[in-house]
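The following pair of complexes shares a single chain, chain A, combined with chain B in the former and chain C in the latter.
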Partner chain A sequence: MDFLQLVKQRFARDRVGLIFAILLLAIYLVALTAQWIMPYDPMKMDLRAVFNPPTFAHPLGTDQFGRDVLSRVILATQVSARVATAAAVIGLTIGTALGMYVGYVGGLAESIVMRLTDIMLIFPTIMLAIVVVTIAGPSEWGVIIALAVSWIPPFVRLSRAVTLSVREELYVEASIAVGSGRWQVLRHHIWPNISSPIIVQGTLTLPIVVLSASSLSFLGLGVQPPTPEWGQMLNAAKDFLRTSPYLLIGPGAALFIFVLASNMVGDALQETLNPRLKQRK
Partner chain B sequence: MEHKTPLIEVKNLKTYFRTDNGVCRAVDGISFSISAEKTLGVVGESGCGKSITARSIMALVDPPGRIEEGEILFHRKGEVVDLTKLDPKGRTMRDIRGNDIAMIFQDPMTSLNPVFTIGDQIIEGILLHRKIGRSNARRQAIEMLESVAMPSPEQRVDDYPHQLSGGMRQRAMIAMALSCNPALLIADEPTTALDVTIQAQVIELMRRLQKDFKAAIMFITHDLGVIANIADDVIVMYLGEVVESGTVREIFHNSKHPYTQGLMNSLPVLTHDRGRRLVAIEGNVPSSFAVPDGCRFAPRCPHVMEVCRQRAPRLLDVGNGHRAACHLNETVALEAPV
Partner chain C sequence: MPLFGGHARDTVLLRLVVSRLLFIIPAGLLLITFLFALFHIIPGDPALLLAGDNAPAHIVEAIREAYGFNKPLPVQYMTYMLNVLQGDLGVSNFSRDPVVSLIIPRILNTALLAFWAMMFAMVVSLSFGCVSAMYWNTGVDKAITVVSLIGICTPIFVSGLLGIFFFSVKLGVLPTGGFNSWQSLILPVITLGAVEAALLTRMVRSTMINALNQDYITTARAKGVAELVVVFKHALRNALLPIITLFGLGFGNTLGGSVVIETIFTWPGLGRLMIESILTRDLPVTQGALLFFAMTFIVVNLIVDVLYAYVDPRISYD
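Entry: the complex of A and B
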C-alpha cells in the first residue's frame, strides 16, 4: 500500500496540516523522552518555594507544594499520552476486529454483538467510563480500560458498516473462488479496504479520549496523585485560581495543543484518504 | 457427441431461494455433464439460472439460496465427490476451489481488489494451494501473465488493477484462475463487459489456453456468437430448466425447441436480405417466483398447443445425443421418427 506515500504527499501540500502534524509528533516526543528532559524532579516538594510565579528557574512557576510545574507538565504529557493512546488503540483494535468479524459472518453472532453495542451506545461515553472506572478502581489502568471499553461500540459500528459494503464486492467472491478461507478474506481483502476510515476515526477519537481521561482525573476518578496528569493538575490548580492563575497555563495549554493537533491531523488524514486511493500516480 | 468419462455430472440440481415473497426456483432440476478438456456452453436470457448453476457448483450460493436437491458429482483424482454434500466453508471445498475448479467472473473491473497489485492476487491463489515460497510463486505468477499474453509481464505484475485496461484485467483474472491448473474452469460471462475486439482476443486466448492447460470449460453467456466460437456442447436454459442440449452443430443447425429457434432468429445475419426485420421472442421471461404450469415457455411460444399448458414436456432424445424438451418433438417423434 502506498498509504505512507499518500500521507506524505498530502502534508507536503498542506502547510497548516503539516504544522499540526509536527506539533503532535513533538508532543509524543516529549512524552517519550520525559524522563530525560524534565528540569527538576516533578515529585520533589520544596515548602520554601510554594506558589512561585513563573521565573527563569521555573518557567511555569511552582505549585502549592513547591514542585516545578514545567517538570510536572512534562511528566503529565507522558501519562496522558500513554493513557489516551492505549485506550484508543485498545478500543479501536477490539472494536474493529469484532465489527469486521460479525459484519462478515453475519447471522446470530452479528445480531447479538450489534444489540449489545446498541445498549452500550445508549449511555454517553463518559457515563459508561465512570461506571467502568468505578468497577475497575481509580488508577491509570482503570482509566485505560474504562475508556477503551466505552470506545469499543463506535468502532464496532463503523467497521461493521464498512465491512458490509466491502463484503459484497466481487473481489471477495473471487478470492473465495480461488479457495480462500474466512481468515484469509478478512485479513487480505476486507481489512485493507476498510482501514482508511478506521484510521481516520482513530485519529479523531484520540482528542476525545484525552479529554475524557482528563475529565475522569479532574473528577478524581483517574490517575491518582502524586502522579501528574493534565486533568488532575487542572483540578488541583482550580483551588488557587484567584491567587495563582498561572498554575492553569501549563496543563491547560498542553491539553489544548494536543486536542487541537490531533483533531487537525485527523481532518487532514480524512481529506487525504476519503477519495479513496484515487489520485495515486 | 462421444462420451468420455465425464469430469463433472450435475444431476437434477435444484437451487431455490426461499424469501419472504415466496420461493424463487432459480435452478429447477437441471442435469448435464462436462467431459474432460471439453467446453460446455450455457446459453439463456438474463435470470434463467445460468449464474446460479455456476455458483451451485462452486458452493457460492448465498442465503437465502440453497441447493434443495440433486447431485453434483465431481471426478477428482480417481475419486467421485458430491459437491452438494460438502460443507461450503469446509477444508475440502476450499481445496477444490481454485485448485480443481476455478472461476472467471463477468466484470473484470470489480473482481480485482483495488488495493493490491495483480501479482499479489495471483500469488494469493498459488500460495493457498501450493507449498512453495513467495518468490517462486511470484515467478509462477509472471509465467502465468506471460501465457495469457500480458504485455511486459515483469512490470505488469506490480501494477494495480486501475492501471490496466479492461482486456488486461480480464487476462489477469484468467491468469489467476488458471494458476493452479484447474480441471474445470467456469467462465461466467467473461466477455460481456468487454468491447467486441477485446472479446474476440479473450475468446481466442481461452481456446488456446484450454489446449495448453487441458482444462474443461463451462462457458456461460447470452451471446450465441461466442458460443458458436468456443463450445463443443451447448445447453440452452430457460427459467431454471434445460430446454435443449446437444453438440454445438446440432443446436445451431437443427434446433428442436421453439425457444432456441427464437434465439437464433433474433440474431442478425449478414447474408440475409436487407430490410428483413429481426424476429424477437414475444413477451418477457416470467418471474421465477410464479413459474407457469405445464411448459414454462408456453406463454411465449409461437407453436403453443393445448397440451403445453397442462403438462410439462420431458427432455427427450431427438437423435445424435441431441435432447429437447418440447411437446412438438414428442408428436413429431410419434408420427415420423427421425
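Entry: the complex of A and C
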C-alpha cells in the first residue's frame, strides 16, 4: 500500500491529527488570501489611535504606530509561511538531490560531500544563519537562503542513507544489467523509496524553520520593518511590555499555533511511516 | 594501569582522543580562513566601510594604508592569520577597543548562562523523561507529554517575554534584565533551560521506553528486582548512550538559544555582542565573536564524540 493511501487511512482514524492537519491547511489558506481578508491596511499608521487595547473594532489592538495588529498578523502569516516553506523546500530539494547522487555514485564526491555535511552539522542553525546574514545583510531573502543552506545537511544525510540501502537491492542490479542509465535508476527505483521519508522529514522541519526565521527577525536580522513578521512584531512588543502587553497576543499565538499544527501533522505522518509497535508494559 | 577499563579499550580511546584533538588544529585554521573570507566577501570597499560613507578621500586612503587593504590578498591573509594566532583580533570599528578585551568578559557571562540552563534542562528532562516512560500511557505520562509539547512549540522569545511580564512587571520579584545579582540569573536560565528541557524530555522518554521494552528488563523483573532498580540501574544505563549524544546536541542548541535570551534579558553575553556588532556593521567584533562560538561548538562536538566512545561498551576489543 503506498504512502498516500496510508496517510489517508491514518487521518480517517486519528481525529486529533486530522484536526491539526486542517488547522495547518487553514493557516496556509490565510497566508494565500491575506491580501483579501485583512480588515485594515497593515501599513497604515494612525497616530491618533496608538496603543489601543483589544476592542471590537481592533480585536488584537493597535500598535505603536496605530496600525491594526490583526491585519499585521494576517500579513505576517503570509510572510512567515512564505519564508519557512521556501527555506524548507529549497533545503529539501538541494539536500535530497545531492544525497541521492553521492549515495549512488559514491567515490570521492561522496567523501567530500559527507565531510562537508558533518562539518556543517556541528553548528546549530542559528549560527549558520547569522553568518549568511552577515554577508548578505538583513533581509527576507537572506533568511531564506540562510535557513535553506543550514537544512541541506540533514536531507543529504537522510537521502544518502536511503539511497545506500536501496542501491544494493536485486532489482537495481537487474535494472543496471539490462542497461538502465544512472538517471533512470535514480528516478524509477531510488526515488520511490526516498519520497516518503523525505516528505515526513520535511514536515518535521517546517516548525523548526518557522521558529528560526522568527528568531532571526526578532533579533533584527531578518524581515525588516515595515513588513510585518511575527518575530519582528514581538521584538517591537517587548519595548512596550509594561503599558501594552496585549501586543504579545497576536504574533505570539499565531506562531504557537503554526508551530503546534505543523509539529502534530509531522508527528502523525512520521507515525504513519514508522509505526511504533504496540508496546506491552 | 588501565584508564578506561581495559588495556585494549585504552588504546582505542586514547587514539580517538588524540586524533580528535589533532583535528581541532586544522579546524581552527580553516575557521580563521573562513572568517577572513567573510570579511572580504562582503560587498563594498572595506576601507570605505570603516571610514563611513561621507569620509573625505584622504581619510579613506589613510585607513587603507593603516589596515593594509592595498596589499595583495595573500599578504593580508597571512597578516590576519598571524595576528589571530597571537591573540590579536583587531579593534572594534567604533570603540577602538581591542576585540579580545570586549569578548573575554562576555564569554564568561554566556558560559554561566549556558551552563546553568543546561543543568536545569538535564535534571528536568532526565527526571520527567524517566517518570514519563515508567508510567507510560497513564495520566502522568500524558500530562508530561502535553506540557513538553507546549514547551517545544512556544518560541523562546514568547516564553521569555511572558516571564518578564509576569515576574518583573506584574509581580516585581525578578529584575527585567542585566546582570546585577543572582536574581538576574533566574529568569534567563529557566527560560533557556525550559525550552531545551521540553525537547530533551520527549527524547529521554522515547529512549527510556525503548530501553524498558528490552527483554533483559523483563528478565530482571521476573527475577524480582525492585522496579526502581530496574529503571535506574538497568534501563537508564543502557539508554545513557543515546541520551549523552542528545545532551551534547542540546548544549549546542542552548548556546544558539542563548543569543536570543541575551537579547531579551539584555544579558551582557557574547551572543548579544555578536548581534549588536552585526547590526552596527562592526566586523572585527563579529569575526571575533563568531570565532569563539564556532570553536566552542567544535570542542563540544569533540567532547561528545569522546564521551560516546567511552560509554559505548562495544568499542573495546579488536
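In this text, the second predicted complex is superposed on the first by the 271 of 281 C-alpha atoms of A that agree within 3 Å, B and C clash if a C-alpha of one lies under 4 Å from a C-alpha of the other, contacts with A are read in each partner's own complex, and residues count from 1 in each chain.
Going forward, contacts are C-beta pairs under 8 Å (C-beta built on N, C-alpha and C of every residue); 3 or more make two chains touch, one makes a residue touch a chain.
The model shown is predicted, which means the values in this text are computed figures rather than measured ones.
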Inset, instruction - Have a look at chain B and chain C on chain A after the superposition and call it: clash or fit. - result: fit
Inset, instruction - Check the residue A:263 against both partner chains and state whether it touches chain B (first), chain C (second), both, or neither. - result: second
Inset, instruction - Return first, second, both or neither, reflecting whether A:131 touches chain B, chain C, both chains, or no partner chain. - result: second
Legend entry - chain B versus chain C as contact partner of A:164, first or second or both or neither: neither
Legend entry - Chain touching more of chain A, residue-wise (chain B, chain C): C
Inset, instruction - For A:49, decide between first (touching chain B), second (touching chain C), both and neither. - result: neither
Legend entry - First (chain B), second (chain C), both or neither touched by A:193: first
Inset, instruction - Check the residue A:234 against both partner chains and state whether it touches chain B (first), chain C (second), both, or neither. - result: second
Legend entry - Minimum C-alpha separation between chain B and chain C after superposing on chain A, in Å: 16
Legend entry - Touching both chain C and chain B, counted on chain A across the two superposed complexes: 281
Inset, instruction - Under the touch definition given earlier, write down the residues of chain A that touch chain C in their complex. - result: 122-127, 130-131, 133-135, 138, 207, 211, 214-215, 218-221, 231, 234-235, 237-238, 241-242, 245, 248, 252, 255-256, 259-260, 263, 279, 281
Legend entry - Sites on chain B touched by chain A in the complex: 58, 60, 89, 94-99, 102-103, 105, 107, 110-116, 121, 124-125, 128-129, 160, 163, 173, 176-177, 180
Legend entry - Residue numbers on chain A that touch chain B, as the complex places them: 1, 169-171, 173-182, 184, 188-189, 192-193, 277, 280-281
Inset, instruction - Please name which positions on chain C make contact with chain A in the complex. - result: 38, 41-42, 136-137, 149, 152-158, 161-162, 164-165, 169, 209, 213, 252-253, 255-257, 259-260, 263-264, 274-275, 278-279, 286, 290, 293-294, 297-298, 301
